[in-house]
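Chains here go by letter, A, B, C, D and E, matching the order in which they are written, and residues are numbered from 1 within each.
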Amino acid sequence: MKFAPLIPLLPLAGFLINGLLRNKLSKTVTGIVGSGVILVAFLLSFLAFTDVQAGQTQVFRLFDFISVGKLHIPFEFQVDQLTAIFLLIITGVGFLIHVYSTAYMHEETNAHFARFFAYLNLFVFSMLLLVMGGNYVIMFIGWEGVGLCSYLLIGYWFKNTDYNNAAKKAFVMNRIGDLGFLVAVFWIIQLFGTTSYQAVFSQLPGSFSATDITGITLCLLVGAMGKSAQIPLYTWLPDAMAGPTPVSALIHAATMVTAGIYMIARSNFLYVLAPHSMQVVAIIGLATALLAATIALKQNDIKKVLAYSTVSQLGYMFLGLGVGAFTGAVFHVMTHAFFKALLFLGAGSVIHGMHHQQDMRHYGGLKKFMPVTHFAMLMGCLAIAGIPPFSGFFSKDEILVAAFAASPVYYVLGLAGALMTAFYMFRLYAMTFLGQHRGDAHHHPHESPKAITIPLIVLAFLSVVGGLIGIPELFMKDGHKLHNFLDPVFKASQSYMHEHVHPSHSTEWMLLAVSVGLIVAVIVFAVRKFSKPQADTEATGLGKVLENKWYVDELYNTVIVKPILAIGDLFSTAIEKSGIDKLVNGVGKGIQYSSRQLRLLQGGNVGSYLLMMVLSIMLFIWLVFYIKL
Amino acid sequence: MMLSSFIFIPLLAGLLLFFVKQENLVKGISLAVSLAVLAVVLYAISIPAGNAPLSYSRVWLGSLNSNFSLLLDGPAKITTLLTAVSFVLIFLATWKNKYANAHNYYALMLLTMAGLMGVFLSADALLFYFFWELALIPVYFLCSQWGGEKRIAVTFKFFIYTFVGSVLMLIGIIYLYNKTAHHSFAWESFKAVVLTAKEQTYFFLFFFLAFAIKMPLFPFHTWQPDAYETAPTGTTMVLSGVMVKMGLFGVIRWLLPVFPDMSSKMAGCIIVFSIIGILYASLIAIRQDNIKRLIAYSSIAHIGLMSASLFANNSIAYEGVLIQMFNHGINIIGLWIVVDIIEQQTGIRKMSELGGLAHQAPSLTIMLVIVAFANIALPLTNGFIGEFMMFNGLFQYNPWYAVVAGISIILAAVYTLGMIQKVFYGEKSATLQVKDLVPAQWLALACIVVMIFAAGVYPKPLLQLGENALQVVAGSISK
Amino acid sequence: MNLIIFSGLLGVCMMFAGLFMHSKRNITLLATVLMAVLLALNTWEILHGPIFTVNVKDMLAITRFGLLINEILLAAGLLYFLLSGSDIEKVGNNVPDYYALIFFVFAGIGIATSYTNLLMLFLGIEIISIPLYILTGSDKKNLKSIEAALKYFLMGSFSTGIMLMGIALIYGGTGSFLLAKFNLEGTPISYNLVAGFLLILISMAFKVSAAPFHFWTPDVYDGAPTVFTSFMATIVKVAAFVAFIKLFEGAYQIIQAKWQLVIAIIIAATLLIGNITAVFQQSVKRMLAYSSIAQAGFMLFALFAMNNWGKEGIVLYAAAYCLATIGLFAVLAKMEDYTFQGFNGFSKREPMLAVALTIFLLSLAGIPLTVGFFSKYYMVTAAIATGGKYLWLIILAMLCAAVSVYYYFKVIQAMYFKTGEHTAALPATASFRYTVLLAAAFVVFLGVLPQWLLQFLYF
Amino acid sequence: MNTFQIAFWFLSALAVFSSLMVITRKNPVYSVLFLIITFFAISGHYILMNAQFLAIVNIIVYAGAIMVLFLFVLMLMNLNKESEQQKNKYLLWSSAIAGGMLMVLLIAALHTSNPMVLQQPGAGGIGLIKNLGTKLFTDYVVPFELSSILFLSAMVGAVVLGKKGE
Amino acid sequence: MPITYYIFLAVIIFSIGVTGVLTRRNSIIVFMCIELMLNAVNLLLVAFSKMHHERLMLQDPANITAGTEAQLFVFFIMVVAAAEVSIGLAIIVLMYRKVHSVDINFLNRLKN
């Protein structure tokens, strides 16, 4: 445990080594350093995890970060159950992605290769800072750090303007969320006088006004929306596919997007005291889940489908958080990390094998070319679709049951989302691996090297069995190990939850049956439909709308971006140049003008000079004698 | 005596340089002098002063009761340190630049330095005004002589604009002097002066106008983009890095303590204007194609935040302003250094004509990216500390102000990233030839980067520099 | 007293020098030496008292203030001879006569700075004015010079008429010409007195070229030979100011409230007209004429405030204004082109002079580190010390000071930042350059330690 | 109405009339002559007020010397024709009105100024040469001497301005 | 005669002089009008001299020189006027020699 502060420092060291010596190191060394530090961090995390499991949590206070007057913000790390879980996910999945990258990015030059690993390490560092931070400010540091890294990685191929735009978009949208977070932090400081989790939560429930708590939680939610790609700040995530595929995997699975979930889970005590905020969280989550799922239905880019599926799954997690199933949400984070990393890396493998072709319409029949990838992807699809006993089933089920407890409407909509998930995932599966190969004849797809497939296998394994740590009561008494493990984090707040009527076991069985049955039906339908080549028809009606992602990007562009640019133009031309500056220059011009006029008084004519003098004399006489002061 | 050496070393060296004709010798002397000043400043601020800050006083104009009195309290420590550091960086970074009549250029730069040091140290109103103007005169010559096109008109506008502000301040100074108990210019007696409500309104506004123009605060900012664009880059660095701090410093030293009631009464209005300025400048910055103007507007936005925070009437914001003064100075000098390198080599300052420089100048790119992110207050860089504290303080004053002002961090990201993208990213250009950093530039930027991270990760030493001042102002706020 | 007696005598000496000396150079040399003697005599008087004791019978009163002003003006005169002597030689053939006239003017100045009787004021002003009419018209080949002389003469005599009317009315009111008798506190103020003072005020405003009685100034300063413009605009003007202040020193309190309003209006008009009209001028000489009006506006603050600050301010202003303007005119007189374009690239032609001129211009603009700053500073302080009632006037004055930066800096811009056609050095000796530089150095010295000069008021 | 008053009114009317003539005559020579008449009228007033010395001096210096000088110059320049151009009509009238207004204003300002009434002539000898001379050479000796500087400069001026041969 | 009559008379003549200065263009006549103004002043001074003389004589009959200072002032005014005239006419003659005109508006190069 005492080595815990080293966990984030190791990736930082890796970043510095790779970053500063990028021109000197060979790819092998870079890869070893880059992955090695994460591996060590993972091992240390595991040690920490075991300590935590033994009931030992600790706060490391390193130094005073900001200390002014009454405000003290130490640089502190906190390792507890929630952190431990996230540490394992981040370093574990992160390590696999690093390994994978050594092969995937091998075509880059030395310096760029090193740069890539430096960014990856920095990314992990930031994320570790985020989850290990002992107060909101440290969390915010990591929070912005991941934003920065996503910017750097999405724009990794900086020659391409579209990629740069995607990177910029990611950063800016994250910043919108960050502002919300920042405001929340200020509010917390004002309300509690501190930002340390323990100090803040120990003051709860206290006698704080509902407005304050609701305000704080809503502001935090805004932050979470940005980072975890929820409506309305989700559009950056699909665009973030511009980065190399391992980056997508890292962003979507292990890091970044889970930050929002982590933050809300971390602030659970605040949220349970603000039921309205909870409701908002749930509704936003649900809406995001559905919206993203509908969009995913019609995407043809393999990474885009996965991206929208991520958004959708994150929506589920938010739904879980919103209905109070914090454990469920964290559980889903974990399983999602496994299978989404798997899917992305698998997709990366496919793309790698297909020579950077990402359009699924050019795939088909890859089963025989890339068996390992195919197997792994199938596992991933099954897991995300929620087929028992794959991991996704348990976590998603837990959220759906909790949603049902909150409101049957949540459940029905959630289920609809789950069905769509199953549909588009198997659409992806079928279009990619089944049927006939539709790509170029002379570009033969090939299986990927070991460094790619081994992580796939590991992740596939985890996707299959990962759910077993959270077996619901229904199947096994005390089967939910994760729940028990996380209990200390959520225990305090649970007693203030608005008790939902927990559905009876029979209801639960029925729900399970319905959902599994429907999902299987959908899968069968999807596989059948998409194994055959599709007619290349122009989509119409709703299809077209979905294909164009509900035109949300266009909407944002028209409603927000363009007006802002227009205002900028207005300011810089109308107000700045011909307004304020003209006014300022006008003073000067006015003086010059009056100068030209005034000098006409000096007509050169003595007579008029004398006349003006006499008139002035008269004026003064009048003033002195006839104006009473 | 040590304090007066802050002023006299550059002053005398500057006068000397007018008569030295060899260019390299001139550059060497300037750098050596700035390093010497830096050494003295570092020594002076490291002296544990106990409760009484370092000070120096000597009768100057006996019958006017004006003394040559200097005071090194918290704000002065930070600003003098900034001045000393800035000039070292500037001389280092522009080592390769060629100037016609270089000796005059460097002499004027050193005179500017002397003036700035004087402004930050004086504890006597008349002396303050003296240096206030003196810092301006060399800059006038620098900009008019070595600036870009339209330099004469632009500099002139800048000069007259700031001059108008300062003459009004002079009226204020004299009036207050007249009202002091024993007709004295000393800072202490100014703080003790008792004014009627009407007088306070007038003279608060007089002082404030001078400072607002210097900062510059919306809507008095229009001289600034033009001046930054046309001034020689070395001078622009002085202008943006150090000189705009004169306005803020003036508020800290002469406005808040002298007009405490009025400061809190007018705070709302000033903060609103500052915030309008922040958003306004940010929005304009987004639409700039000229990289120098972009940085200029970004500076207006940053300064707006600082001025808003100064009036937020709480210690966190205040302390935040203090260290942000330093950090902003360092960061913006870093930005200018990069811009200067690009402009020296390509002659282009339009972003739309640049692009893909990252291929040719990776070190330059990395440095710029770091500085740019520090400029938009990314955590663990120095910019974050100050802005966090300022927003925090502003939030305590009025949450809505903080939220609205906070929009600027989004807009800042937009324009800064846009700039990085347009200048450095994209396809490699066939026509643009840019060499990577030469050692002197590398050293300057590396120093800046180190400072960025040092102050961003462990800001405590900087924060402590300002702490002393905190008590002073806290005392006057409660007066 | 030494000044009055000896400047008259030395003037006569110069007159006769023309008979015996035919080299213009030598005449200038003699005049310079005599001026130095005069300066020494005045210094002697400051230190040890007058050489002759004359029973002045309430006509004159030698005060330290007056002596200090004399000293400054004499020093300025010496500087003027040193710098502009060679240009005086070029005006015409009657060089010794010009010098004689200048010495006579100094006698008038001596009277104007020490009179206590309105008769002496009248005589002093006339002794100053009449030689100036002549000097203005001394460039007889030049129609401008003649035009200026005519205008100056007609308007000057007109204002003398006004002044005499004023004096007559004052006499009617008080029965005396003595300044000391005016301050009749407690007695009802006679209308005669008020009207009389008003008329004198107007005629003195004319002499110091305060608006709206300034109309002669630009034309006369422009038309007169540049060397004599320099003399008129500086030394003579300051003397007129001192006379003005002395006049109101004793009489002021009687009707202060109204006076302040009248003077405030005059100041405002002077500042506005002087500064704003100067902005559009093309000729530096004419710009300086307007600038002298503008500076007069500032000097009038001494009259407005009528306190010790104002007096000290006038002393500083005398030094600041004389040094800077004499220096400027001395260089200007050697230029071939009086327009602003004429100064283009001047720093390349004459780097040393350019530095000095810059300092002079900064001083006129009132930038710190030059004595010009302190002179303005004292004036504003004087005005503020009267209370906050006329704050608008002070603000106006300061804004006008900012406007003045515009036209002063136009010269600096031309000198340093523009390139001109003329590249040859000025026809000036090295000693000329060093003298100008010395004067500039003195401007800076006084700009740092104005006390050095002011201490002579009080030891 | 006694002789004193008759003399006063007569002289006043004469003075005002002839001074009006001075400014209205086109021919400058007439103006000079009317001015001389005005001076005589004023000298008459001086006598009424016991200022005999001044009355004489006025006639000798002003009417005798100065006006002759004027006349001389006029004749020299051959300006005795009515050659003067008229001013712009508006300017002319506004000037005339301004002059009139000035008079009205001054009179209005001064009409209550002093209730004093002057006595008949003959009372006291202030106008005697003896008294004036004593005072001039005792109390007023300084200005008397200093006025020599004025004359010197006038003399130099006449030389400077009048001398030909440039 | 009440002293105000003299004041009025002097003011009238003075104003006539001023009017003449304003209305005429012949510089010699303008100058003559200025002389007229001076004479008005002289008249006024003499009147005041008489007035103060009588006032002071009432208080102190021995003070026979009371009020003479104004008469001396008039004397000095005449002196100065004479000097002024010599210079003024010299200037006018100078001008006439150059341009053959004595019109005050003839020379009009200096303006603005």
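Assume a residue touches a chain if its C-beta (ideal position, glycine included) is under 8 Å from a C-beta of that chain, and two chains touch if they have at least 3 such contacts.
Note that this is a predicted model, so its numbers are computed, not measured.
Annotation of chain A and chain D: jointly contacted by C, E, touch as defined at the top. Each step here moves to a touching chain, and the least such steps from chain C to chain E number 1. Comparing chain pairs D-E and A-C, the larger number of C-beta contacts belongs to D-E.
Set against the C-alpha centre of chain C, every other chain centre is closer than that of A. Summarising the inter-chain layout, the chain whose CA centre lies farthest from the centre of chain E is A.
Once the centre of each chain is set as its mean CA position, chain A and chain E turn out to be 97 Å apart. Centre-to-centre, using mean CA coordinates, chain B is 71 Å away from chain D. Averaged C-alpha coordinates put the centre of chain B at 42 Å from the centre of chain C.
The geometric centre of chain C is 32 Å away from that of chain D, both derived from CA atoms. Contact of a single residue of chain C with at least two other chains is seen at positions 119, 123, 126, 130, 133-134, 137, 140, 150-151, 154, 158, 169, 172, 191-192, 194-195, 218-219, 406. In chain D, the residues that touch at least two other chains are 87, 95, 98-99, 102, 106, 109-110, 113-114, 139-140, 143, 147, 150, 153-154, 157, 161.
Annotation for chain B: residues 160 touch two or more other chains. The complete set of chain-chain contacts reads A-B, A-C, A-D, A-E, B-C, C-D, C-E, D-E.
On chain E, the positions that touch chain A within their shared complex are 18, 21-22, 25, 104-105, 108-112. Chain contact summary for the complex, chain C toward chain D: residues 4, 8, 11-12, 15, 54, 56-60, 92-94, 97-98, 100-101, 104, 107-108, 111, 117, 119-120, 123, 126-127, 130-131, 133-134, 137-138, 140-141, 169, 172-173, 190-192, 194-195.
Of all residues in chain A, those touching chain B in their complex are 63-69, 71, 111, 137, 140-141, 143-145, 148, 151, 155, 158-159, 161, 164-165, 167-168, 171-172, 175-176, 178-179, 182-183, 185-187, 189-190, 564-565, 567-569, 571-572, 575-576, 580-581, 584-585, 588. The touching residues of chain D, when paired with chain A in their complex, are 87, 91, 94-95, 98-99, 101-102, 105-106, 108-109. For chain D in complex with chain C, the residues that touch the partner chain are 106, 109-110, 112-114, 138-143, 146-150, 152-154, 156-157, 159-161, 163, 165-166.
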